[in-house]
Structures are given as structure tokens and as C-alpha cells.
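Paired with chain B in one complex and with chain C in the other, chain A is shared by the two complexes that follow.
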Partner chain A sequence: MLRTKKWRFAILAILPTLAIFAWVRMFPIWETLRLSLHRWDILSRDKPFIGLENFRELFQDQLFLNALVNTTIIAFGVLFVTIPAALVIAALIYHRTRSRFAGFYETTVFIPHIVSLVPAAMAWKWIFDANLGPLNAVLEFFGIPGQAWLFDPVLSVICIIILCSWQALGYAVLIYLVGFKNLPHTLFEAAKLDGASGIQRFFFISVPLLRPITLYVSVVTLISGFNVYAQAFVLASDSQGAPGRLVRVLVLDMLENAFRNYRVGYAASEAVILLCIVLVLTLVQFGLLREKWNR
Partner chain B sequence: MGRHTKTSMTLSAALLVGTAIGANSAAAETITVWSGFPEMVPFYEHVAASMADDHPDLEVNVEAIALREHERRIALGLTGGGQGTLVIELAGSTAQRYIENELLPAVPDDVASFVTGDGNFSEFFINTASDGGTVYGVPLFRGQGALFYNTDMFEAAGLSEPPATMADYTTYAEQLTERDADGNPIVSGWSLRLSGGGQGIAEKFWINLFQFGGSVLEQTDDGTWQAGYANEAGRNALNQYLVNLYTLDTVTPEMPADAEAFQRGQTAMFIRESWVIGDIAARAPDLNYATAPLPVGSIALPVNLYVNEADGDGADAAWAFAMAANEPENLVWLLENVGWLPNRINVDYSSVTEAVPQFSAFVDNPAGFEFFTLPAIGPIEEVLTRLAAQLEQAFADPSLADDPDAIDAFLAAAAEETNRILEREGLLAQ
Partner chain C sequence: MSDADQKPAAETVPGLGMTARARLTNLTIDIVLFVFGILMVLPLVLLVANAFKTPQEMVAWPPTIIPADPTLDNFRSVLGETPLLRWIWTSLRFAFLSMVAIVITSSIVGYVLAKFQFRTLEVIFILILATAIVPFEVYMIPLYFQAQSLGILNSIWGLLLGYLVMSFGIFLIRQNVKHSIPDELLEAARIDGAGELWIFARIVLPLLRGPLGALAVLSFFQAWTAFAWPIIVTTSRDAYTIEVGLALFQTGFTVDLGRLSAAAAAVLVPSVTIFVILRRNFVQGIASTGVKE
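Showing the complex of A and B:
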């Protein structure tokens, strides 16, 4: 009887949260799935069910395929830059915690994560500017010819990877620092007594023990990488003058289809593809890292 | 005092307060102007001020944002509703889809008479504000292209006249380009639209294509459409971009471009609309420049004012605003202070055009000068945005320069995509 009462209380207590979650999280996903199966033009009254026609069209759409390739490269690029860099920086900061500058290091690394995206992207736009940017000035100082960073098809993608990694790094370092602080000291002391060097302790103790943290950080980084939009938009936008080359990414393509071409159903089918990609990659990451962790 | 008496007094007081608030809101009418051209804000404020005597309780809020965001705002605002009374500034071609879906009402009879009667507007502008003979908007201004050129740079290059043919444009660009010691261009001879999102790249390409006798979309006799650029005109237009970029090196994608570059002396010439005249007057008043008509003709993009409500006090005030915007005094103010070309024809603009000779290229068109506009079809933005994305790829590909076969293959692929969009919408010519 008491258990039933507790059960009822638990359900009642969690119900408002579940209701809010269902409304703001599950319902939009369901609606997106529903819209993706309709010819849902934002302006027209007739919105017929067309089955998988939107998906069939998507895979013949060169802009979508471009966006898919660009987004995938950016997401994995950010992942491969951020995770190792964050791990190393967190290790350096952790092992310098006695330094009076430890707080300064942590703050410095974390600031890009909390800086508003648009002004930050504008600042990077200036850095990458082919004519006025300091990056080319530095390159030319060393005798390396300046590059058209925001216009070259390959370099413009690299610019977005750099910008996204710069922003993602602070969060990843912070989470890794929490991980480092929770590692058992005894293992490190034992390894030290056995003659393991600092680098050996990092690679053979810290890195394996931090796998759950790596799993979490990599999932979060990859998902945010696939949702890249504002960085690409700001780096290419300008009211006048020479804006940058617009790197087409999935969210940008979605927005264009929904609010410029008025094809909300078509844009929803892109969102479904994005959802599937992120879901599959997250499951794969969980599988890979958990499998190794359980060994 | 009994309980009932207290209650009834409280209710009466509440009713009085409510009535007073209601009366106040009925007296003060508020309309909001949605604009996609931030430089138009002073004009709309000027129009609002000019209405103060006749409409003392009218409050006009002007909300101007960048054009692409403005178009998104309209798509969401008109379908979602609840925006209050709006005066919406919109290109006729873009408004078509809203009209087809009954999201924009027809103008009242007196406004329709103003638009169609008294010789206020030419047939071209009446048509772009109408659908099936019904008037939906009030014409206001248009975007029309002409060449802007720096007269000091022309003089230094020994050029006394503006280019007269498209071939001249390339020759002039080569002569006007300033280079550093290594031969790299530091001042572009001819600034071209080569990058950036949206449909701007395709619109600018269409202007150049038109000079070669082509058109991005061609209408057939039965009223349907097809891509009209996978041909010799398209090849010549695209090749001109590529030759300037990669063969003659008169311009590079990363060079400063557009009006800003022109004002700073970073380009010798470029094609743009008349608003640049007002912009130069404000930002670079000492710049020595002139304008010239394009060799064959120009785009004319009419922008009209629409209202989101069919009737009511708000709608009346909004249409009154649209009419006031077309008062001669206000239109002259628009031309003089903003630079966009008013569409109303029976107004004397000579006080401005004589004082600012650069306007002559926009208003004194040579004999046989032709105009084209964007077709009023639903998918026009999609067609242009997708073509713009394709062109951006082409402009970044040096291997296409002076390779007619490669250019033809590119244009054929792009035209296929354009035709696919038209087919999906049931608009493709058979």
C-alpha cells in the first residue's frame, strides 16, 4: 500500500516535468516527422500527404548533398581538433593547479564559450580577412603568401572548423578538468613509483580513465558540430563589400528551404535526416567507447 | 453600504476605466511599416510626419531590417497573424505568392483608382501591383541598374567615355585595374558580385546576361516558363566573369567590392541601383563619379506597399499612409534624400535630377533601352537562390575560363535544376 502511494506520488511529481518535456521536445520532433511527409508550403492552404517524395528529392538535390558533406566535414573536423586539444590543455591546467595563474588559465580557455556567437564570428571574419586580416599579415611576415581564407572552397570550411573549435574548446576543457580532479591519486602515485614518466601516466592512466568524459564531450561536440549555422552565416555575410563564400551547411539549407523557398515540408525532411545522422553517430560513439570501457 | 452596493460600485468603476481605455485606444491608431531597406526609415518617418495634421492620433512604427530577414519575417508574420496593422514593403514578384494564397487583400476602391487612374503610374507598374486585373498594392519605388564609374580613375587611364558595349566593359576593366609591384590587382577595374548568400549573385548575373540577349527565365506563348541561359548569351555572360577573374585578373573574389569599395576608391566601376547616389552623398561626398546606362537595358524591380488587413480603422490608416507616401512632395524627398527611384510618373523630379546629374542615367534612357523584371511566379526566389549557389561554384573554378564546352556543361546542369523547380510547380514549358 505504501509502495503504491509512493509510486503515485512519484508519478504526480514527475508529471508536470514530463508534460513540459513532451510539449517542448517530443511534440516538435513528431511534428517535424509529420511535416516531412507532406508537401507543406508555408503559404499555401493545400498541404497534401506525399509520403517519402521529399526524401527522394533530397537525395537528388545537389545543394543538400553539398550541405551534408560540408556539415559532416565540419562536425568531424571540430571533433578531431577539440577533443585532443581539450584533453591536453586540461591536463596542463590540472597539473598546474598550484600555480597562482590556474584560475586565469581556466577563465581564458572558457571565455570563448560564453562570448556571444555573432560578435565572435565577426572578430574571426576580420582575422581571416584576405586584405586586412592579421592572419595573412603574420603569414606574409614569415614570407608565406596570404590566403583568401573566406573565399577558397577548402579554406572557408577550415575557417569554420577553427571558429567552432575555438568556441567548443572551453566547455570541453572544463568538463575534462572535472574528470581530472576525480581521478584516483593512488594510481598516479603507484605509476610514479614504478618509474612511469608524466607522458606515460597521461597516455596510460589519464586517457583510459577519462573515457566516460571523452564519450560525453565528443557526443556534445559532434551534435553541436552538426548544428553549425551562425558561424557559416556570419563569416559569409555583409551588408555590402565582399562577403565570404557561403559554406552551405544543413541548418542553413533548411532555413533557406523553409523561409525563403517556403517549403517547410521539404526542410522538415532535411531535419529528419539530420536527426537520424546525429542519432546514429551518438549510438555508435556510445557503443565504441562503452565497449572499450567495459573490457 | 451593503455588500451588493460595494460590488456594483467596483464593477461600475472597472467598467468606466475599461471604457476610457477602450476609447483611448480607438482614438489612437497604430500602424507598423515593415521595410526590407534600412535606408528607407527616414523616408517613412518623413511620410508619417507629413500626415500629422490630417491624422493627429496616428502612430507609425517603422521597422526596417535587411531584405532577406524581412522576407522571412513576412512569411512568418502573414501566415501566423497577430501582427496588428502592417504596411508591408515588398517586391511585386515576391508578393505574388501571398496574393495567390489570399494573404494580402486587394486595395480599397479609392486606392485602386489612384493606382490605375489619372496617369499616376505606367502600365508596367500597375501590372506589377496587380493580379488578374485586381490591384493589391500601391507602387512606390524601383530598383534599376546603371553603371557607376570613378571619373578620376577613368581620366588617369585615358578613358573619356563610359563603356558602350559589354566587350568594352572587359577592355575598360583591364585598363582601369591598378596593380602592385608583383602585378596583383589592388584596385579592381570592374567590381562584380561574386560571393555572398541569397539570390543577389543570380540577379546581378541576370543583368549582365540581359546585355548579351539572354534571360534567366523565358516565358513561352502559353504563359509557362523555362530556363533561358544555357545558350550563347549565357556562355558569353559567364565567360566574361571568368575571363575578368582568371585570365585578365582585373578582380578577385576577396577584393573589396560593391558600393563600399567604390566609395573608398577600391574599384573603378560597378553596376548598381540608384540608391548608391544617396549613399555616396552621405558617405563619400567628395568622390568624383558619373553614371551611365547599361548597353542594352536594365532590371526594374518595382517595390510596392501592401496592407495585411482588408478593412477596419487600422486598414484605412495603413492605406492612407501608402497614399501619403506617393504624395509628390514625399516622392521628391525620397529621390533627393534616399536615392531610390519613385515609380509615380506625373511628378516633377527635375529639381533633384538637375541638381544631381548622376540620376540622368536612371531617368534619361536612350532610345530602344529595354527593361526586364523578375517574373511574378511562386518559385522565383528558389530559382534564383539555387542558381546563385551554382554560380558561386563556377566563379571559384578557374578551369572554366575560356573553355566554352565546360561552361556549356555547367550552364546545362544549372538550367536542368531551374527547369526541375518549374516542373515541380507546374510552370515548365512543354
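Showing the complex of A and C:
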């Protein structure tokens, strides 16, 4: 009697949200998968099933391959900048937890993570600007010739990596700080008694113990790196002023195929590839974590 | 960098003075962190400073942090050229409605999934868990066509369609209910004859004030900073959110740095201020994303 009553409440309470969930999440995800197997152009009337044809075409499409390479470079670039930097900064902030400036350190490192992408990217666009930007002015002060940062395909990828790392750092530091707070103190005490220096304790105790956290932060950073869009949109406008064309990224390529070329099925197959990348990364994370538990 | 992981409590044990060397290390670390912190916010500080500068001062080297001759001309001309305030207003309404929707849906579903043991619910939880890892960018194109067929493109409802639920919010609440609300409390209320709805509203919700606050802040900022979805859903200038408006405004040819900075500063200053005030909620919410189970 009580159980049926509870069951009725649970279902009634959950139903509206579940309906919304099905409508704005599950259905469009299903649609993405379905469309990716169809030639679904807005302009043509029949939208036939074509199997994996879209995917075959994608891997011969220079624009897509270019976007895939750029996005991968950006995602891994951000990873390799962010993780070591975050680990060191978090260690230093943790060491100074009792300092009266601890709040200041945390806040300043974290602010770039919460500010809106577009205004932040605009600030960096000015910094990288070839004529007006402070970066070239600083370089020239040291006798290094200024670069046309945002008009060179390689340099602008570096600029996007810098911008994304600047934003990702705060999140990584925060998660590492939680990790540091949960490390067992006794180990450090023992190591200290054995005469291990601070640097030794960092490399031989903290870094290995924080491995699950490193894994988690790495996957999160990589996934958000693969979804990069606004940063490229703002930073990499080409000389005609068209946004994001100089550094093609996956999301940009996908949206152009869908809304400029009206090839929705084709764009959906790009989305499926993005999904596969994310799934693989997530599975790798779970796999590595499980391996650790079993040992 | 040395002594990086030293336990912080060790240095404050009463009666034990720090050695000169430890003091020096701490000072060095403080200086490093201080400089680093300043460098992190410097781009934003300079941007805000630029907003108040005259064209002559803008190109001066080295750049000044506090403008020598502050002017509001940049703001005046941006407000004259763009519906900046309208964009901000749209973003505010969008973020607020999204926050309300996410807090309501997450608290109900999170509570039910945490405290009611039924096979059906487990299946639902797994479904939610499975869709949680799919990035928004993957399914936003079909979602766009759904919005189109409802005729809500270029409206606040179209924006909202993508931001009604948040899987992470459901997990956050579920986790908190599991760990902080004992079953005995709920059972006692049931024995006293309390209805399920009353229990949820009068017992569960008040106990969830902390996590709900964190979720509210997170979901508000998530919508406030949204970019990919608003840029495809809104195509008319009057319907833009502030992010879209700014991004398209800055691609214009004739726009100079002063006006760009003013427009960006008008968005940055309020959101950074809100962040600094609500820092605790933020940190609690974001930190909990990393420590599941």
C-alpha cells in the first residue's frame, strides 16, 4: 500500500522532467545518429538512406580533415599546457593555504574560467594584434621581431591554444586543490622524516597519488578542447573579416555544412565523429581507472 | 617551488617557529603566485582600462592601467550603434529562466532517484547517465530543427529549449540527497502521516540549500556564457544574446578598439563582480564535478 503510493509519487514527480529530457536530449541525439546515415539536404525533396556514404565522403573532404587536425592539435596543445601548469600552481596554492592571500590566488586563477568566452577572446585578440597589441610590443622590447599572430595559420593555432589554456587552467587548479586536500598527511610526514625534500615529495608522492585526478581533468580538458568554437570564431577571423575561417575547427565546419551548404545529413555525420571521439576518451578514462582499482 | 606539498598545518603548530629557510621559501612562493595571479587577470584588466581611453591613449606604450584622461565616449558610441542593452537583457532573462528550469527539474529528479528504490528508476538513471556524456554540440542541429518547427527561433523560448535540463544538476542533487539526508528522517515523517509532496517541499528542499545555490549559480553562468546554441538559434540582430551580439559586432570592419573594449567591458565587469560575490557557491559547485563518489 505504502509502496504503491511511493511508486505513484516517484513516477508522477519524475515524468515531466523525463518528458523534457526525452524531447530535448534523447530525441535529437537519436536524430543525429539517424540523419548521419541519410543524404538529408534542406533543398532537395527526397532524403534517401545512404548508409555510411557521408562518412566515406568526410574522410576525403579536405576542409573536414583540416578541421579535424586543427581541433586535435588544439585539444592536445591545451592539455599539455594546462595539466603540468595546473599541478604546479595547485601545489603552490595548497602549500600556502594558510596565507592571507590564498583567496586572492584562487580567485585570480579562476576568473578566466568563468568570464564569458567572447569578451575574454576579444581581450586576447587585442593582445595578439600585430600592430596595436602589447605582445608584439613586449617582444620587440626584447629585440624579437613582432609576428602577425592572427594572420598566420600556425601562429593562430598557438594563439587559440594559449587562450583556451588560460581559461581551462582555473578549473584544473580547482579540481587539483580538492585532490591535494584529500591526500593522506601521514605519507608526507613519513617522507619528511626520511629526509625527502619538497620537490621530491611533489614528484614521488603527490603526482602519483593524484593520478586519478589527472586522468579526470585530462579527459575533461580534452573533451572541451574538441568542442572549441567561440575562441576560434573570435580570434581567427580572416582578413575579409569572416569569422573563424583561418583556423577551421570541427564545430565550425559542422555548422557551415548544415547552415551554409544546407547539408544537414553530412553535418550530422561530423557530429557523430565528434561523439565517437568523446566516447573513446571517456572509455579510456574508465578503463584506466578500473585497471587501477583491480591492481 | 620546493616544499610544495608540505602539509599546511605543520608550519603553524604553536610553539614551533619557522626556520629562516622555510620563511624564505614561503615568501618566494607568495611572490610567484602573486605575479602569476596578476598576469592571469591582466588581459581583462587592460581590456576594461581600454574601454575608458581616448584613441590617442589607446596606442600609447606602455599601456596604462588607469586611463589618464578617462572618457565615456566609447560607451556612448557603442550604445548608439548597437542594441547592447537589449542583448544584455535577453541574456539575463535567458539565463534566469534556464536557472529556474534546471533547479526545479534537477531537485525533483535528483531527490527521487536518490531515495526511491524501483527498477524503473534505475533504468531512467542509466539513460540520463548515458546521455550526459554527449556534448551539446553533437545534437544541436536536430534540436535547431525542432525549434524551427515550433516557430520559436529568434525568441527567448528557442534559446531556452537547449537549456531546460542539466544532467550534471541531477547527479549533483542525487549525490547530496544520498549523503546528507538520512532515510530515517523521511520514514519518520511518513509515519507521522506527511504526504510525499510535503516531505519534499518542507524537509528535503530546506536541507539542500547549499547544493541548490551552487547549482543555481552554475546553471545561470552556463546560459549566460552560451555561444554555439544562441548563434544558430538567433539570426536577427534584435534577438541576439550578448555573446552572439559581441562576437558578430567584433567582426565588423569599421569597429575600433575603443568601442570593442567598451562593449566587452560592459559584459565583463558585472559578471566578474557577481562571481567574486558568489565565489563560494561556484567553487563548491565546480569542485563537486570532480569528486563523484
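By our rule, the second predicted complex is superposed on the first by the 246 of 295 C-alpha atoms of A that agree within 3 Å, B and C clash if a C-alpha of one lies under 4 Å from a C-alpha of the other, contacts with A are read in each partner's own complex, and residues count from 1 in each chain.
In this section, contacts are C-beta pairs under 8 Å (C-beta built on N, C-alpha and C of every residue); 3 or more make two chains touch, one makes a residue touch a chain.
These numbers come from a predicted model, not from an experiment.
K.L.:
So, does A:204 touch the first partner chain B, the second partner chain C, both, or neither?
P.N.:
neither
K.L.:
Mind working out whether A:130 is in touch with chain B, chain C, both or neither, as first, second, both or neither?
P.N.:
The first partner, chain B, only.
K.L.:
State whether A:59 touches chain B only (first), chain C only (second), both chains, or neither.
P.N.:
In the superposed model, A:59 contacts neither chain B nor chain C.
K.L.:
Of chain B and chain C, which one contacts the greater number of residues in chain A?
P.N.:
Looking at chain B versus chain C, the one contacting more residues of chain A is C.
K.L.:
Could you say whether A:18 touches chain B, chain C, both of them, or neither, answering first, second, both or neither?
P.N.:
second
K.L.:
In the overlay, answer first, second, both or neither for which of chain B and chain C A:35 touches.
P.N.:
A:35: touches chain C, not chain B.
K.L.:
Determine, under the contact definition given at the top, whether A:286 touches first (chain B), second (chain C), both, or neither.
P.N.:
neither
K.L.:
For A:233 in the superposed arrangement: first (chain B), second (chain C), both or neither?
P.N.:
A:233: touches chain B and chain C.
K.L.:
Under the stated touch criterion, which partner chain does A:259 make contact with: chain B (first), chain C (second), both, or neither?
P.N.:
Both partners, chain B and chain C.
K.L.:
Once the shared chain is lined up, is A:49 touching chain B (first), chain C (second), both, or neither of them?
P.N.:
neither
K.L.:
I'd like to check the shared interface: which positions of chain A are touched by both chain B and chain C across the two complexes?
P.N.:
In the superposed arrangement, which is not itself an observed complex, chain A uses residues 233, 237, 241-243, 259 for both chain B and chain C.
K.L.:
Okay, in this complex, where on chain A does chain C touch?
P.N.:
Spelled out, the residues of chain A in touch with chain C are 2, 5-7, 9-11, 13-14, 16-18, 20-21, 23-29, 31-32, 35, 88-89, 91-99, 101, 103-112, 114-120, 122-127, 132, 134, 137, 166, 169, 171, 174-175, 177-180, 182-183, 185, 188-189, 192, 197-199, 201-202, 205-206, 213, 216-217, 223, 226-227, 229-230, 233-234, 237, 241-243, 251, 254-255, 258-259, 264, 267-268, 271-272, 274-275, 278-279, 282.
K.L.:
If we count contacts the way the header does, which residues on chain B are in touch with chain A in the complex?
P.N.:
Contact set of chain B toward chain A: 66, 68, 71-72, 75-76, 78-79, 97-98, 100-101, 103, 194-198, 252-261, 378-379, 381-382, 385-386, 389, 392-393, 396, 417.
K.L.:
Taking the complex as given, what residues does chain C use to touch chain A?
P.N.:
By the definition above, chain C touches chain A via 1-9, 11-12, 25-26, 29-30, 32-34, 36-38, 40-41, 43-44, 46-47, 50, 58-59, 61-63, 105, 108-109, 111-113, 116, 118, 120-121, 124, 127-128, 131, 133-146, 161-162, 164-165, 190, 196-197, 200, 221, 224-225, 227-228, 231-232, 242-243, 246-248, 250-253, 257, 260-261, 263-265, 267-268, 271-272, 275-276, 279, 282-283, 286-287, 289-291.
K.L.:
Per the contact definition, I'd like the list of chain A residues that touch chain B in the complex.
P.N.:
Interface residues on chain A, with respect to chain B: 42-45, 62-63, 66, 130-131, 148, 150-153, 233, 236-246, 248, 252, 256, 259-263.
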